[in-house]
Amino acid sequence: MSGLGARPISISRVARVIATKDLRIELRSRVVTNQVFPFAGLVMVMFAFALDNDAVLSRVAGGLVWLATLFSLIILVQRSFAVDSADGALEAQRVAGLDPAGIFIGKAIAVMAQLVVLEMLLLLAAVVLYRVELHISGVVLLVTCVICATAGLAFVGTLYGGLTAGARGRETLLPLLMLPVVAPVLIGATRATESAFTSGGAAVSDGWPWVGVLAVFAVVFAIGGILSFGSLIEE
Amino acid sequence: MSLVVDFRDAVVVFNGFPALAGATFQVTRGEVVLLQGPNGAGKTTLLRACAGLLPVVRGSANVLGIDLCVDRQSVRARVGLLGHANGLFADLTIRENILFWAQVIGASTDEVTATMHRMGIDGRIADEKVSLLSAGQKRRCALACLVVRRAELWLLDEPHAGLDAKGRDEIDAIIREASSFGATVLIASHELERTKGLATRSVSVVAGQVQ
Amino acid sequence: MDHLGFIAAVYLTTFGVIIVLVAKTVKQGRDLASKVADKDKPWT
Amino acid sequence: MTSASSTTTQTFTAKVATPTTRLVGAMAIVSMAWVVLGGLFVTPSDVNQGDAVRIMYVHVPTAWVAYLAFIVTAIASACWLLSRKHAMGFDRVAGASAEVGVIFMAMTLLSGGLWGRITWGTYWAWDPRLTTTAFLLVTYIGYLAVRGLGGSLEQRARRSAVIALLAVLEIPLVHFSVLMWRSLHQRASVLSGDGDIKMDGSMLTTLLVGVIGFTCTFAWLVMHRSRVLAMQDAVQSSQLDAALQDRASESAGLK
């Protein structure tokens, strides 16, 4: 105990430590790997049962991938805040005066990492189950689209997840608040993915304007979250 | 002597109820103050208000020279609150939990190792998942986080609850040591006999007021 | 008048909802006004 | 509250209504009566739309009020965040306006759907304006749910103000992406062509009076509703006073 008193803490350090912590917890507990990923795969199979037509499935594959992502996002965000709320660790972070912007960025980065893995698996499932074809020219578009969409989803998810975690016992509010906000991501990512798959006769070049929308969305909500996260997680 | 805590007629509302109803209360640096009183008297609320978690709606409240009515944020980095929850990550080990706080504030790994040694949570147990530990070990781990964070004001809410005799002795030793390094400590406890030996002063909290 | 049912439905729901809303607000206001001291009514 | 009334000479006579709200209310009643009479009986039917145009006299002002309500909520929320003293009046106006706006938004969608069934033959079309309106409705239902989360008055105000301003970020993005979606995929929208109205004098007047009347109704509702909210907050704080007195006597008795 060499002297007391707080040292200045930078936002980037908080973000890095929080992201590492969240990912390490996931590596230990494997809740997302063992429960959320199988759930997302199950949703993809259920879509096939409901639509029951190979031509339709390969036409709408892009949309189904992103719908399954949105459903999984809800669970993923709830899990991300549950590990903090369980023993009052989120409160401990607030009491310790960690910069809320740092907590926000850190948790969003961890959610992003998990989402990217999930989306890769879902796209693979689409290729296998729905028989979509992906050409080399579409790969660049698809990768850019996934990166931009994932950033947007993670920022919005963390933002509203923080609000519902701050107001304990109101986790059911999360989908109502979050899904309308991520609608542009669903529209944009679906169109871009369909272009990458060239489903419905779409050209790969049609997808790029949508990636622009996704990027704008991610930037807007990154800034919005950094500014407002502190107000939302207070009780 | 500088005042670490200075509450004057402070009213703190929790869930629409004035859990602290005009409390006047001062603590000077280096004191170890025992808060005693029946359940629901406002001990927990007093500690949480000191940590800047609950707003002071009437009266005045200063902690570490910061006016809580104006700014509840900047006091937080300098106090440590140990409530009924330990604030640990159940899926991480003791070492990882303490390292988390050390990395956040930029403390060295040596400091972490030294703290864990002093708290008696080094060796094999340091790499156990927190969810597998006993209540006493969890509590010591939580206190170690406060030490690593270098909190100037320790706010301990029933630190002895749920521990056996040995665990309680260990907590006492940790508190004595923190105090000897200059930390100010507020303890809310029902363990009057035990804590009186520890405390430099005791006050009673009754019906939302400090007497 | 063509589509009388549709037009009547629009007028009835719109004005019906407004009337219910106004009535509820007036009633709530009356109940509370008799309980709250005048010093807490900043508009007076 | 009872303890407060016995100690001091307070009056409880003041009503919610004031001359201003009475004037606004009277204007609302007169113009609404005009809309009903004018819209249903005086005005002729439209060349293109036939009698369906009569729905417009109600639908257009309702939609106008719904959007106005959300603009008011956003502005009041920003004012609350920016005002140095965080005056709770702004928060109450934001809340009252959102409550009224949600109801008017629902009525807009209903009357719009019925009008669409007559004119387009369908209740719903994936038109950017319609879709954005529906998203506004859902977003502000969420906003009202956040207002109901509890906590201190200040926390309620801060949280809901942030949510209202995030909605201001969200809605243009939704609108733009739906716009882009539709323009890329279905160039021929159901909305093109048959929506035109050739307005004569009485029709235009009725529509204008409708907008004025609905705006007055909105103003009246928001004023009254925010006063009701102010009184609810006052009841809460006087309950706090009573509880404080109880605790004081409790601790005195224990000394």
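Letters A, B, C and D name the chains as they come in the text, with residue numbers starting at 1 for each one.
One rule holds in what follows: a residue touches a chain if its C-beta (ideal position, glycine included) is under 8 Å from a C-beta of that chain, and two chains touch if they have at least 3 such contacts.
If you're wondering where the values come from, they're calculated on a predicted model, not measured in any experiment.
Graph distance from chain C to chain D, where chains that touch are one step apart, equals 1.
With centres computed from Cα atoms alone, the innermost chain of the structure is A. The mean-CA centres of chain A and chain D are about 32 angstrom from one another, to the nearest whole unit. Look at where the CA atoms of chain B average out and do the same for chain C: the two points lie 52 Å apart. Centre-to-centre spacing of chain A and chain C amounts to 43 Å, using the average Cα coordinate of each chain.
Taking the mean of the C-alpha atoms as each chain's centre, chain B and chain D sit 46 Å apart. Across the assembly, chain C contributes no residue that touches 2 or more other chains. For chain D, residues touching at least two other chains, in rising order: 150.
Residue positions of chain A touching 2 or more other chains, listed in rising order: 235. In summary, the structure contains touching chain pairs A-B, A-D, B-D, C-D.
Considering their complex, residues 1-4, 6-7, 9-11, 13-15, 17-18, 21-22, 25-26, 28-30, 32-44 of chain C touch chain D.
The residues of chain B lying in touch with chain D in their complex are 11, 13, 15-18, 21-22, 55, 57, 206-209, 211.
Residues 150, 152, 154, 236, 239-240, 243-244, 247-248, 250-251, 254-255 of chain D touch chain B in their complex. Considering their complex, residues 51-53, 73-81, 83-92, 96, 100-101, 103-106, 111, 115, 129, 145, 147, 149-152, 177-178, 181-183 of chain B touch chain A. Taken together, the chain A residues at the contact with chain D in this complex read 159, 163, 167, 170, 173, 176-177, 180-181, 183-184, 187-188, 191, 206, 209-210, 213, 216-217, 220-221, 224, 228, 231-232, 234-235.
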